[in-house]
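First the structure, which I've put down as structure tokens, then a few questions once you've had a look.
In this document, chain identifiers A, B, C, D and E correspond to the written order of the chains, with residue numbering beginning at 1 in each.
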Amino acid sequence: MRVGPSEGLVVVVARLAFLLVLVALWSLAAQTGPRGIIPSPTATWEAGLRMWDDQRLQRALGDSLLVFSAGFGAAAVIGIATGFLMGSIRMLGRTLDIFVYALAATPRVAFIPLVILLLGLGVEAKAFIVFLGAVMPVILNTYAGVRQSDPDLLEMARAAGASRFRTYAHVVLPGVVPFLVVGLRLGATIGLINTVVAELYTAVRGLGGLLALYGNTFRMAEYFVVVLMLALIGVTVTEGLRLVEQRLSRWRETV
Amino acid sequence: MMERQGFAHLEIRNVSRAFVRGRQRVQALGDVNLSVRGSEVVVILGPSGCGKTTLLRLVAGLTPPDTGRILIGGQPPRPGRDSAMVFQSFRLLPWKTTRQNVAFALSHLPRAERAARADHYLSLVGLARFAASWPSELSGGMRQRLALARALAAEAPMLLMDEPFASLDAQTRELMQQELLRLLTLRPATVLFVTHSVDEALFLADRVVLLSPRPGRVVETVDLPFGRSRRDAGADPRDDPDFPLIRRHLWERLRAMVLDDPTSDFFGRDPRGGA
Amino acid sequence: DPFRLIVTDLETPLVPNSVMDLALQEGYFDRAGVEVELVRVQQTPLALAALQAGEGEMANISVDALLQVIARGGADLRAVTSPNKSLPYLIAAAPTVQGVEGLAGTRFGVGRLGSLDHSLSMLVLGAAGIEPEGLDIVTLGQPNVRAQALLAGQIDATTMSIGTLLAMPDPDAVQVLIDVDAYYAAAPVVMKVNAVPAAVLETRGDEVEAVIEALVLASRDYAADGALWAEAMARARPDVDRADLDQLATTYAASWSVNGGLQRQELEHTMEWLAGTEDFADLEVPPMSQWLDFAPLDHVLARIGIADDMDMDVHSR
Amino acid sequence: MRVGPSEGLVVVVARLAFLLVLVALWSLAAQTGPRGIIPSPTATWEAGLRMWDDQRLQRALGDSLLVFSAGFGAAAVIGIATGFLMGSIRMLGRTLDIFVYALAATPRVAFIPLVILLLGLGVEAKAFIVFLGAVMPVILNTYAGVRQSDPDLLEMARAAGASRFRTYAHVVLPGVVPFLVVGLRLGATIGLINTVVAELYTAVRGLGGLLALYGNTFRMAEYFVVVLMLALIGVTVTEGLRLVEQRLSRWRETV
Amino acid sequence: MMERQGFAHLEIRNVSRAFVRGRQRVQALGDVNLSVRGSEVVVILGPSGCGKTTLLRLVAGLTPPDTGRILIGGQPPRPGRDSAMVFQSFRLLPWKTTRQNVAFALSHLPRAERAARADHYLSLVGLARFAASWPSELSGGMRQRLALARALAAEAPMLLMDEPFASLDAQTRELMQQELLRLLTLRPATVLFVTHSVDEALFLADRVVLLSPRPGRVVETVDLPFGRSRRDAGADPRDDPDFPLIRRHLWERLRAMVLDDPTSDFFGRDPRGGA
């Protein structure tokens, strides 16, 4: 199936249209809902400008991005490595996976006393909490991807005398890419949520701190600005990953 | 028949192999014995499903035999070092271009040489113009030629070729047969070659091995008096007076295996007309 | 439909606010002729959201939050009683801190900058002669996280309620630098009230009054006989030492809202003080008429009379 | 590669051994850490028995399981359907995916006032919060799986005259299974975490309620019982999904 | 040549098709014209990569032509209704057993009939014993026979067969050729058959079409005087006096296309020896 050259454009237009619909719905909800729960889009926009002007948003953003990128970066590296190990050493994978799932199902707040004890209240502690959340989908998606590599191609690689590393890099990894990218994307979104959790439960700072502040003082317009900011970071990271994936998937026939 | 020093001598002794899944058990090979001299070309003929692919995988060291031993130069086979294989189903890496697919088998070469070697073998199989294409953009025959180039480029001491020309048109096939023989005079290698074409077998082989179906066994080996290494370069084996006799003999044996062997898939069929 | 009372404690608390749980457990609500259902949520903002969503008729919430919502035009709510005006706070510190003076320059944990506990702590520390500017303020969100951080040695001191202190596995691991009485003396403000939506006052006024009546009567009984409270608490909280309960009963002897807990002077003082805090820096504290309604309590007191040993001033407005 | 018949046994033994190591580490941490942060395994065990005897655990478990299964069930059904739609109607997928990622990156707490407003404080509201969290990995993994279906097989299905439904059921779905199962597993773990969040942020009940209660009152042994309970539910659900996957993957060569 | 009422008559008019990816553009077919009568068997011969598979996909309606029209019985092709296809690369569903793979193409039948029909065609291709096996347990030739059974089982008015016997040994191949002819007498269908074997073409066809490479064009159509429908059942076309002439003619044409056509992959090669 061939694809028109303007498809990219159509997607942009469709996304904008959908965005407009969402904003319209939001506007409606703000008007009809009870007072003080949903701010109007314009009030939110003005609050955003205010927060930008007095540098508050930038500072919080800087704090949160530092925590997020440290935790998510570690999760990507360690998650991919662990997933590969678990997927390729069969016994290791079978032994560990149940514990990884157990860990994944345990609310992060449960670890917070432990984290405070070991890592204190600073950036390390926060990044670790982000890491804990983000690493799970990365590990598990990578693991699943590696396990379903094409056995015929693996055999071919052996027959071609490829080293273990070469086989991983050139045979397993490219097949895992779609899984991996979904894992990273999910990891990024969970990592963002955990950034907020970490900022609420250890020394309060960043976007999480703003969320607490505005939530507790009922400044809903400012609150929404922070929420939208988080959504925006999420979109940026996941779209970035999409570009990476696209580059790595040029070989695919466009379906 | 020139036995050359240093070329891979292959010994297959009492090898059997079964596949078990669930309650089903298929005895693919039962007690195979075969000895191949270094730089000899042995062609394996046998009906569909008789264990030819399985035999090649065993020789490549990709799967262990249930019983018996396989020795290459006295040692168990080391995958990727003793042999290069043309797989029946090609097994191309879909995310690598044509050139990269060939280069994948050349990790032992310095990086700079890989592309040059790949391009050389790509033009040999007529894919020079498609070096930058993805496998999904190639036709069936082009994919097979790519798989062929990959195996040849490895320049291994032993070549395991599983119906490497099956998807090629008759003319291209002939070209490739000749290229193969030419390469073997330049750089001798031990070859185990699976084909379904009796004519191809007679053209390429020093010796033809007949395999019977389930369990696969060597039922006959035929030393060709007009074998590849016994005739002059460029001489046509069809000119040999023994050619039609041997051809007919092989044909009849195979026919019997397909129609009269109770373990064959077509036991007892009575086709009208015949070869 | 039952009358839903939203509380922000997850089980019967170890403070006079327990009167709400106990009034239900001990049948005060039944006797006042109202069927009450307790709805438990974690924090004041959720209680407020639930009230606004019509998921409850009355909620025990903090005064600063109530004034914030109303000042921002977020809701039409009225405080009608306060079973426990002021939570019994204290300042606890790591054993390494040398007395109150030793707090200078240490790491002090608060919920967030500008939160009630932050403002109160600064008020109390200021009264004790500690320069708030010299402290290293660490914002830590939840009260239990502050306590854990204290235990883990990540902060040196923090404000906590006596309930939190008693719950700590090893209360001796920390020292009390400023006790409950000194704390309240330095910061005598009303922290918690029971609020109802204006609409509920109109449609279910009788039930609101019945609830107030039950709470006041229960408070009077416990004020008269501390052992009664301790006994009721022992039933509600079998996990707590009876000795602790008896001791708490004496501590609280004078803290019961026997007249509904709404004293104009205290409330005005609270409003004044709130106006000076960071959270109200850019916000007008709303006038009392916008967030408070004395009428239901007055009706109740008219019916059952006024107790005259404590919690007096209000009715003299 | 053939697999010994006792492999299952080896895995069980390896898992038990690893479990023992974990318990030993836990024991050590409890002994060396400051009091009141990490309870010992025996204290936790006794607390568990106590909570079981006075029915507290069972009641909380019942509440939480109801919320979890309602939310996760809905997430499975709606997530798979949405993922399929997005994966098969290309424009729809391209238009919506960015919004799904934005939604996934938004902390669930941000929606809680809205959820309370619309659904109250009861089971519906809680199940919805669980749904919101669990549906994301299900949608996104299904979506990715559908998008990477083998185009050759899809063409074959068209050539064989298979209906749209038949193609989905017999060609696309089996290829998506590994993706789907990871999505469901991640969804289950996130759903469990969100069960706790929901129980904390609406009317407090269930395991989340116990967690808050014991956390606030420093009853760490009881607290750990609840945490382990959650891990156990997570393991049960994900192992159940493993069995389903195994059944659906009989056709794979064991690698 | 019997034109029967109701059988699919195929018209290919000025059809061309190119593949574009990135900056690369391959003109697979350029201006193909062909008209096939209902229940005629047309065999397509042509060098590797000349567009045979592409042509079949166009006729199946799986991909649209860039220019020109394809009409089956006067209508554009409806995938899955007008024709059944044997794909060159088999395209089996790995998660379905052999039997289920055949039944997959039979959704128009009542559920009960599907298994019976599947089993019938499985035994026809010699896979009855492997009805419960997964495709990964089959040998290459067995997979091809499965793909064949699936297409035959659909009993469509038109059969599009892309080298359907390439992976079969010579004897099995002959059996399958005969089965195909037998089926066509029982249940006539229009057949477009791609092969690389000139002998197979002469045995099966009413008419042979020669395709030239990139862009693929019909360079010649040869009406066989000993064509399938002109000879008696069971008669051997090799007995016909025209057979060796036509065979040699086709062979020469193909050879010229592979070696002398500047667009071919092997333009200018000079092989020693030849057919």
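By definition in this document, contacts are C-beta pairs under 8 Å (C-beta built on N, C-alpha and C of every residue); 3 or more make two chains touch, one makes a residue touch a chain.
Remember, it's a predicted structure, so these values are computed and weren't measured experimentally.
> Expressed in steps between touching chains, what is the minimal separation of chain A and chain C?
Steps on the shortest route: 1.
> With a Cα-based fit, what is the angle in degrees between chain A and its identical partner chain D, given to the nearest 5?
About 180 degrees, rounded to the nearest 5.
> What is the distance in Å between the mean C-alpha positions of chain A and chain B?
It comes to 50 Å between the two C-alpha centres.
> Chain A to chain D: how many Å between their CA centres?
Going by mean C-alpha positions, chain A sits 17 Å from chain D.
> How many angstrom between the C-alpha centroids of chain E and chain A?
About 50 Å separates the centre of chain A from that of chain E.
> Residues of chain D touching 2+ other chains?
Only 34, 37, 113, 117, 215, 220, 252-253 qualify.
> Scan chain B for residues touching two or more other chains and write them down.
89, 134
> Could you say which residues in chain C touch two or more other chains, in rising order?
Within chain C, the residues that touch at least two other chains are 45, 49, 52-53, 142, 148, 152.
> Which part of chain D faces chain E closely enough to touch in the complex?
152-153, 155-163, 166, 170-171, 174-175, 248-253
> Tell me, which parts of chain E touch chain B in their complex?
Contact set of chain E toward chain B: 19, 21, 24, 26, 45-49, 52-53, 88-89, 126-127, 129, 132-134, 137-142, 145, 162-163, 166-175, 178, 196-198, 233-236, 251, 254-255, 257-259, 264-266, 269, 271-275.
> Applying the document's contact rule, which stretches of chain A touch chain D when the two form their complex?
My answer: residues 10-11, 14-15, 18-19, 22, 33-34, 37-38, 90-91, 94-96, 98-99, 101-110, 113-114, 117, 136-137, 140-141, 144-145, 147-149, 151, 154, 178-179, 181-182, 185-186, 188-190, 192-193, 196-197, 211, 223, 227, 230-235, 237-239, 252-253, 255.
> Would you mind writing out the residues of chain C in touch with chain D in their complex?
It is residues 10-11, 39-42, 45-46, 49-50, 52-53, 55-56, 142-144, 147-148, 151-153, 164, 167-170, 173, 239 of chain C that touch chain D.
> Sort out for me which residues of chain E touch chain D in the complex.
These residues of chain E touch chain D: 57, 60, 62, 79-81, 83-85, 87, 89, 91, 93-96, 104-105, 107-108, 134-136, 150, 154.
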